[in-house]
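Okay, handing you the structure first.
So that you can tell them apart, the chains are marked A, B, C, D, E, F, G and H in the order they are listed, and the count of residues begins at 1 in each.
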Amino acid sequence: MRIGQHEKLVMIGDSITDCGRARPVGEGLFDAIGKGYVGVVDALLTSTYPELGIRVVNMGSSGNTVRDLNNRWQTDVHDLKPDWLSIMIGTNDVWRQFDSPTNKESHVYLEEYEATLEALVAATLPKLKGLVLLTPFYIEPNPNDAMRAQMDRYGAAVKRIAAKYDTLFVDTQEAFNRVLEHLYSGTIAWDRVHPNQTGHAVIARAFLQAIGYEYDKGL
Amino acid sequence: MRIGQHEKLVMIGDSITDCGRARPVGEGLFDAIGKGYVGVVDALLTSTYPELGIRVVNMGSSGNTVRDLNNRWQTDVHDLKPDWLSIMIGTNDVWRQFDSPTNKESHVYLEEYEATLEALVAATLPKLKGLVLLTPFYIEPNPNDAMRAQMDRYGAAVKRIAAKYDTLFVDTQEAFNRVLEHLYSGTIAWDRVHPNQTGHAVIARAFLQAIGYEYDKGL
Amino acid sequence: MRIGQHEKLVMIGDSITDCGRARPVGEGLFDAIGKGYVGVVDALLTSTYPELGIRVVNMGSSGNTVRDLNNRWQTDVHDLKPDWLSIMIGTNDVWRQFDSPTNKESHVYLEEYEATLEALVAATLPKLKGLVLLTPFYIEPNPNDAMRAQMDRYGAAVKRIAAKYDTLFVDTQEAFNRVLEHLYSGTIAWDRVHPNQTGHAVIARAFLQAIGYEYDKGL
Amino acid sequence: MRIGQHEKLVMIGDSITDCGRARPVGEGLFDAIGKGYVGVVDALLTSTYPELGIRVVNMGSSGNTVRDLNNRWQTDVHDLKPDWLSIMIGTNDVWRQFDSPTNKESHVYLEEYEATLEALVAATLPKLKGLVLLTPFYIEPNPNDAMRAQMDRYGAAVKRIAAKYDTLFVDTQEAFNRVLEHLYSGTIAWDRVHPNQTGHAVIARAFLQAIGYEYDKGL
Amino acid sequence: MRIGQHEKLVMIGDSITDCGRARPVGEGLFDAIGKGYVGVVDALLTSTYPELGIRVVNMGSSGNTVRDLNNRWQTDVHDLKPDWLSIMIGTNDVWRQFDSPTNKESHVYLEEYEATLEALVAATLPKLKGLVLLTPFYIEPNPNDAMRAQMDRYGAAVKRIAAKYDTLFVDTQEAFNRVLEHLYSGTIAWDRVHPNQTGHAVIARAFLQAIGYEYDKGL
Amino acid sequence: MRIGQHEKLVMIGDSITDCGRARPVGEGLFDAIGKGYVGVVDALLTSTYPELGIRVVNMGSSGNTVRDLNNRWQTDVHDLKPDWLSIMIGTNDVWRQFDSPTNKESHVYLEEYEATLEALVAATLPKLKGLVLLTPFYIEPNPNDAMRAQMDRYGAAVKRIAAKYDTLFVDTQEAFNRVLEHLYSGTIAWDRVHPNQTGHAVIARAFLQAIGYEYDKGL
Amino acid sequence: MRIGQHEKLVMIGDSITDCGRARPVGEGLFDAIGKGYVGVVDALLTSTYPELGIRVVNMGSSGNTVRDLNNRWQTDVHDLKPDWLSIMIGTNDVWRQFDSPTNKESHVYLEEYEATLEALVAATLPKLKGLVLLTPFYIEPNPNDAMRAQMDRYGAAVKRIAAKYDTLFVDTQEAFNRVLEHLYSGTIAWDRVHPNQTGHAVIARAFLQAIGYEYDKGL
Amino acid sequence: MRIGQHEKLVMIGDSITDCGRARPVGEGLFDAIGKGYVGVVDALLTSTYPELGIRVVNMGSSGNTVRDLNNRWQTDVHDLKPDWLSIMIGTNDVWRQFDSPTNKESHVYLEEYEATLEALVAATLPKLKGLVLLTPFYIEPNPNDAMRAQMDRYGAAVKRIAAKYDTLFVDTQEAFNRVLEHLYSGTIAWDRVHPNQTGHAVIARAFLQAIGYEYDKGL
């Protein structure tokens, strides 16, 4: 288990991270942490390692692209002084290209995406005990689907950054691919983007594996 | 992993099981399975064993005592033809004795509780591939607290029935006790009854352990 | 233009037909006809042929399969005494197989689908001046996608029935395929099933073409 | 077809244009374009010419007169940099004279109407690839009705401006008149102003005819 | 003043009478009498003749035709044992012919209208101290408007019945015509049917005049 | 009839005047004028004198005392440039002394009341064609009731001001007293302050009498 | 203190008793007992005598007269098997005579009131350990007020019955009279009927005094 | 009785004080004073001492710690110029340490608590006729419970301050302890913090005792 006692983990992203978290900061009573994978991660960490007192904060915001993360990075990451940080972004950067093709202003193309994400990583890594980069994903098994193929290009960019900066890395697309061998995409998400509880468990398990979580501890 | 391919698991109980599940039957799209431990169990089973196609159905109902389970057993258990069944009941049987002491009609005392639960088990077990009995719990670390002590007596009754009929058994109180060594009860539930996501993870982990779930599979 | 003066057209189907139509009968003031392709068909017919006084009635119901149509056929078709009838059904018959794979009771497999639809056609055709059969569709361009492939099988069944009974036939899948050469599926429907206004226009244009509508009349 | 590939069409007006469009800009997912004639125009253009990628934006605002258009012209027209623009205004300029006769401040009389509209046209036309001016209308067949007669005077002003600046011109009153030969006004609009779907189809067909739309393309 | 001390006046009709009256009987506290002309009549009678203790009951129902009145006549008129009765019906009998021309079942044509109304009058008059028949109206000044002309035919039928049975008679159309010489119809009702407070005052004044009300009494 | 053609009457006061009027200015469509005596006055004036085109504006505000009127007098009276003005204020000035006796800051005692009201009258009268001062009232027949007696003192102040400045004067208390000879106060207002429609008719009749309204005109 | 350990007190009446109590039986969690004097009585009894375990049940129903009590007496009193019973009824019996003078059916006159109440007392007293009769009241200090005078007659009837059957008796009017020597009625209730918390304390104190409550116990 | 005629009592605290009081100042009509112990205190004071005209104001705010009181002390205490002041604070200062252990910023530890509270007392006492300090409480009978033990430490700090400044002092924990000898904590508050009406009566009785309230006065 890589996260240590009393350390603080901030998890940032888009609507898949957000899932109804509290404003302005997603932590505290009454499911302030949201009902998605962040909630699952927090619940499994706290129930398995109650003695560690890990502090998990959800800073996801629906609709965000990496451009939006950049705009709110000071208040929503630096000011919170995390020990650990996870970033999963890119869904909306890609999706708008496919559901709003005429609205070019809403598209964040690959070059801008990778450059912005790398700048955020470079500026933040020195202050962290650990950084986890998650790829964006598209719950579509066909790698030739136009939007899946584009999402894969964004995921590859995340992988390049993780390698360059030697961060922890979670390939969420790969995690979904393994499930999609047995389940049709619509069982997890009608729109292939917003997962149900099963899909959030896919993300949470992949994340927890990356940070060395031991499920059986204390059972 | 004890539950087999395409088998159906019905989970019945009170509000801790219910958690907003759909009516009349708690399965299907849009979180019909509820947002509590049943949802966590379903999500982890499906994401870990997508090839098994296990069917989980939530039949919890808020406020129920074992008397209420008995009244709806035909429609809510037998008619659904489960392969596997889990039962977690007793919270309200005990709680009304402590929050509504003058309202005697609302109390289900130990003798009635144990006899009714045993009758349900005896009538249903022959039709099942597996039965999991979970104790009720009270998220209170002090075993001398009056309500905790009473809840422990009900838990012991569940344990007796499980032993007598040789069913799977989950001691949820014990699972919470381990967490309460490190966390104050109010971190999990202000009322010591309705858990937050962490508390539901405690139940889910204990349940999954009992049925032979392997967290690391496929990771 | 095949529909004559003062003739009555009933359009039946599932949520794609329904689109908020009034109950128990979908006609009248205040958009009682719904805001989907039925509304577009009615609006274009009435604005282009005001002298014909064609009466359009929407009898779609969200979530319906052909099994549900069969159950409400007497009140919702025969009792309304239509001159013309359109049927577009099959989406949910197929979709439940893919979004709710463990819930077998909710699946309507091909044999039942084709037999039921044919029986409805056979029983109703003698009372009609015209019948239009529309295939169900899935707004997915990849014919090898599992659900698209299954939907195509259901569409082929509709085509067989149309041929056997010599009814008007609309291949909605083909109509969407032409649009999908230029637009990603997500531009029309995030879930590939419930179209936005553009998608309803695709259906309406294909339907109107089949009944001999002349757009330029009176302009 | 006059509008070219990837061109942007802004449609501005009052409540007949608005129809629930999104704020501050009426384009995008979830019927942001509104449910009136603008939505019909966009749906027919996109379904018929998917390869053109025309971008339609709805900037109608309920209750607006030409005085209101003038006040928001910079942000709502110039700043959006349209290639094409359509304007349909005047209903409220006239209506307030007839439903609120004592409230003189709310009336926009003909001279102010024509001067303001012409100034907007003159200032904007040089930046456009195409401009479509639509008359306001009143769904009343009697040309001697006091409000219809006044609306006709405002429509004549639009016609004068269109002729002077050689823009495309749509006589919506004439389009409605043809329908009113067969339908009573109340079939389209109880208040003779806000059309139902049939009435919006009347406007949309007239507009599409003016820009060279070909209904049968691709069918 | 024709209505005597402690006498009961029931006023029946459609939405113009209803105006939000209480169910099942429209009398009592909290504006149970509705906010239309019935409320105005009651308020002026009670404030001017507080010593008479006249009991006014509103039995209007939105959407009603004379066919609907006939269906509820026993419970809504006979059972209430009125001393005085007023009837104003016919708006919807006519309107549906003009706003829903294809929906023939919703039309009540003149012959049925007159026969039904006469039968109700004949059966009820012997039990009453007084009966007031009001014509339906259409707030449209042009007597050649198709719906106005039809409404006039229904008003003429009311006049025939009033003459034949020698009841009090109120020509509401004539009352509105006098106002329409000075005001455009839209100042009173956008849809020319449902009046604002001014329009309800027109009806109330005509009704009160017919029963001998003295405005200046006690001032 | 004292109010002339096209003249504007502003009526200001407290909740008895307000009755749900529109903000910021109480005139226009959709009962913007409120549903109390101002609405009755406007409806009777407009239906009886449609040729005069009198403009009535409701500027009542719930909870207001004369202190509040003073604070908003510039925007809510002067800026509206009325020809005629009516003022009915004082209910809350008195009521707070009796329902909130410990909250002295909320009381407006007689000296402040009279001085403030007189100052408003003196500053405004020169700009007006006519001014109508109405007393406040308390629907309580017992002149020895403590609050009624106090209200009478405030009414006497209004009378003094009306006499000194020779304005029109309406003694609303006297108007209610005549009705209270026959009706118990609770028939008009449970709280003896906020009248039902009958009570608003009492005020409206007294006001109309003062301005020379002729009920029978045109009947 | 007259009520003994584990005894059950049912309190029945109208809206002054009801105050939002739960249905069908007014006891239990979440203020099921209502927020009026019954809640105050229960709270003071339970906090002062926690060792007695007195069970208080609120069976008030808004709008009830003694006629309504009679209709629901079996289910709402006898079936609940109270040890103690309190009855406070009569407000609506009287009030309707004064706020709805023309609606004679809603009036319960004195003879019927007294006879019905006496019959209920006679039929129930033998089954009780104690009965408390409370007069109705009217928060009006003037004994010559018409409604107050009538309410006093009903209170006198309660007093006669209490004397005849030797029950406990609470003169709530007298209790309010003492307060009204110092406070204006409107400080307690704008409508002189529905008390605020102060008024409910007046009733509760008078009731508690009658049953021998000792405030200072345990302090 | 220590509070004198026309004196003003401000009661400040957290959610236990707040209970839905009005903003910005908690006094006035319509339960502006809130439905908790402040409402009970006010109701018993006013009904027992109507001649004193004591003015009670509720300034509780949900979620507040002593840190929050300090921030709003000028506007919410000094500016209101109280004669008497009561303070009950500390629940949230302690609770966050137990329900949000990782969120250190939300904890107010004992040293800060005592210093802040003392500073507020010292700065305010000279302006007051009387000050009442109430301990915070936790409705948990086990003094070894971790949160109860901590709350007792905060209560002891209040006691120290009361002694040092010679103020009135109310030991609410002691008052609850006496009740908890007979009732389980859950009968008063599921979360052991927010009392039901019985719990508010416990606080109110202890407070009233401290200020010399005589329950039997006037009975």
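The working rule: a contact is a pair of C-beta atoms (placed from the backbone, for glycine too) under 8 Å apart; a residue touches a chain by one contact, two chains touch by 3 or more.
Here the structure is a predicted model, which means the values were calculated and not measured.
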Of B-C and B-H, the pair joined by more C-beta contact pairs is B-H
Interface copy of F-G among A-D, D-E or A-B, judged by whether over half of the contact pairs recur
D-E
Chain centre separation in whole Å, for chain H relative to chain G (CA means)
32
Chain E-chain G separation of Cα centroids, rounded to whole Å
45
Multi-partner residues of chain G (each touching 2 or more other chains):
29, 53, 99-101, 183
What pairs of chains are touching here?
A-B, A-C, A-D, A-H, B-C, B-G, B-H, C-D, C-E, D-E, D-F, E-F, E-G, F-G, F-H, G-H
Chain D-touching residues of chain E, taken from the complex the two chains share
95, 98-101, 142, 144-147, 183-184, 186-187, 190-191, 193
Would you pull the chain B residues touching chain A in the complex into a rising list?
29, 31, 33, 35, 39-40, 42-44, 46-48, 50-51, 53, 178-179, 181-183, 190, 196-202, 205-206, 209, 215-216, 218-219
Tell me, which parts of chain A touch chain H in their complex?
6, 8, 27-29, 53-55
Contact set on chain B toward chain G in their complex
99-103, 106
